[in-house]
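Worksheet: one structure, shown below.
In order of appearance the chains are A, B, C, D, E and F, and numbering begins at 1 in each one.
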Amino acid sequence: MVYLTRKEHFNAAHMLYNHEWSEEKNIEVFGKCANKNYHGHNYNLFVTVKGNPNPETGFVMNVKTLSTIIQKEVCDLLDHKNLSIDVPELKDKMNSTENLAIFIWNKIVPHLADCEMHCVELWETENIYVRYYGENN
Amino acid sequence: MVYLTRKEHFNAAHMLYNHEWSEEKNIEVFGKCANKNYHGHNYNLFVTVKGNPNPETGFVMNVKTLSTIIQKEVCDLLDHKNLSIDVPELKDKMNSTENLAIFIWNKIVPHLADCEMHCVELWETENIYVRYYGENN
Amino acid sequence: MVYLTRKEHFNAAHMLYNHEWSEEKNIEVFGKCANKNYHGHNYNLFVTVKGNPNPETGFVMNVKTLSTIIQKEVCDLLDHKNLSIDVPELKDKMNSTENLAIFIWNKIVPHLADCEMHCVELWETENIYVRYYGENN
Amino acid sequence: MVYLTRKEHFNAAHMLYNHEWSEEKNIEVFGKCANKNYHGHNYNLFVTVKGNPNPETGFVMNVKTLSTIIQKEVCDLLDHKNLSIDVPELKDKMNSTENLAIFIWNKIVPHLADCEMHCVELWETENIYVRYYGENN
Amino acid sequence: MVYLTRKEHFNAAHMLYNHEWSEEKNIEVFGKCANKNYHGHNYNLFVTVKGNPNPETGFVMNVKTLSTIIQKEVCDLLDHKNLSIDVPELKDKMNSTENLAIFIWNKIVPHLADCEMHCVELWETENIYVRYYGENN
Amino acid sequence: MVYLTRKEHFNAAHMLYNHEWSEEKNIEVFGKCANKNYHGHNYNLFVTVKGNPNPETGFVMNVKTLSTIIQKEVCDLLDHKNLSIDVPELKDKMNSTENLAIFIWNKIVPHLADCEMHCVELWETENIYVRYYGENN
């Protein structure tokens, strides 16, 4: 069993705002992230799959195929977008890095064959990242 | 003469759109950056000053003072903001990384004493940065 | 279950010296780290917590709260300090990166609510780091 | 139980080519990596061991000893080499990053004492890495 | 005058060997780099151009155009290649990082319009890089 | 003319304290850096030389020779040392990063042959660095 990771990135705008709360509570909880005119990030995304290396190729999975899947299923959807306006599936969600990682996991899983999804690691800034392993607690 | 550099960062949303052009020309020139709903970046900012180290401190400038100036004059103004909406001085500008670097230079220069401004280096992504040295060509 | 990580850093001086050993044995085992006048490091610290994202915020934990806890409980105690002199709880310890990671774990755990501590990752240099997960072997 | 990681690096040339396949199939699967004249990489290698810190030293293992083992058993063998020609044990292998990680694991394990091998993490480029934990699936 | 930099990368194999010298002298001067079976690197390339931002776009140059020029003129030629075999213009050269930087400068310059070439910065490893500014000493 | 840079690193303890000042003034100016028990840093050092590539080697200078000079003249002197106690030439100096860069410049210059010293770049933390080019203002 070997774990293979591919890094991709995308840039996007978002805001964190719970519309069921007052303006005051939003600012108290989300601080500057509650700016209704949006702010943005360069997201760095690491997707990890696991499996046994194929004896004919030495590959858990062709990393170019993995890159293409991430590009098509995630980056084409999110890159240079406003997550809160341009992406229909994210419109009614709290687009925290946590929820975005789960969203990305679900986008990629159906496209894997011959190996298993292991982890989505998503960096929001150089100092903050989340990991999701598909675990239901 | 020694050159001292301090790194700070801010996150912001922007778009690149010339309102005197057609939609088609904007998309042709700015591509995904012309998204009218905005996208965003984690900007990394390196500000360099130069001077002779003070014999009593060994400092060209106290780096904490430099950090405070950048925070107050630049980051408080731009961080978690939409550059095209929230920052009055940037509203009618093409907010390219180039123009943003010049804007930052002009914000910091008036606050330096006893040493000279040398360079503003602004990273838009891990793969793109600009430098401005106050030169008029 | 999502894992959220926050990076902080601190600078400190320390030495590695076992006072029950001879000078020779200390130099044999700890090499340059046994310098009795101390040497120092820029420590990079990654603290990871885990939990289910709160449906109202999308957060496992507010990352600003996590940052504040690390700052108050760890960085205020260790930053710009001599670990072997200035920090009472570390005075009689072998302040290896391993033991420092366990120390940091114990400092943070009592301050978490609604999510669990998962990992302390501590980088001593760009080439050496340790991880502690609270495991007792 | 604490996990200790040491980073080393080596540069090497290789190619990915399955000699039981046609030229066409090699190019289809391995793309530019099938270049028969070889290409190369700067490999970054992170080796992780685990154990309880020794009460006399605070160390899971002396990190200098770990560094020496990696240098002797791995870097001396692979650095500035052509993996497909210069390293007898790799001559008949598909030298994917996956297989190289397993190879490195097997080279280091026999030289550890008093602590256990935990992980080999091998970066082929800034965007691709694999991890091997000694697991047999 | 603003300076705009774009990062690209390529992987390649090479060797350093002066065929007018004895084997002994080659090993004495080039050490492990004289391996006749080649070794390789992940090269990181930063290309900097300079000019006045265009008032209509805010750009010194469209960074996508710059990226395309580097890809076509440099990366397509060198990526996943053996510099000493696959690239006709490099066959009789000493392919040091210094000479490679000059080679890259000359490949890009003819394709720039409306702005000037300023610098080629080429990283051979994380610890070694060269810069060329087109200066003739 | 090509510029060649080599990165090395060293760890050291220091303090910033002007003994002609009161305790109060030291704390006002140097803040946490005035801790009399010392604190420490992982210093990253980039040394740049310039010259014409030698036609027989393609080298401005053999980078291994440059590395050896930096190791012997700088790292052996400063690594794992307390700059304020262990290094005689630094005892009566304000050991700011600025002055340390000038000190390192002067240590290396006498050992260069066939090429010129260009720059010492010294990183104190990930966010602060200085450059010295031998300029007298």
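Annotations for the structure displayed:
Basically, a contact is a pair of C-beta atoms (placed from the backbone, for glycine too) under 8 Å apart; a residue touches a chain by one contact, two chains touch by 3 or more.
Computed from a predicted structure; not experimentally measured.
Under the touch definition stated at the top, chain B and chain C share these contacting partners: A, F.
If you take chain A and chain C together, the chains in touch with both are D.
Where chain A touches chain D, under half of the residue numbers in use are shared by the two copies, so each contributes mostly different positions.
Distance between chain A and chain F, defined via averaged C-alpha coordinates, is recorded as 41 Å. A separation of 29 Å divides the Cα centre of chain B from that of chain F.
Shared contact sites, meaning residues of chain C that touch two or more other chains, fall at 31, 126. Of all possible chain pairs, the ones that touch are A-B, A-C, A-D, B-E, B-F, C-D, C-F, D-E, E-F.
Residues 16, 18, 20-21, 29-31, 93-99, 101-102, 126-133, 135-137 of chain A are the ones touching chain C in the complex.
The touching residues of chain D, when paired with chain C in their complex, are 1-8, 48, 51-53, 55-60, 62-64. For chain D in complex with chain E, the touching residues are 9, 11-14, 31-33, 35, 37-42, 44, 79-82, 85-86, 125-126.
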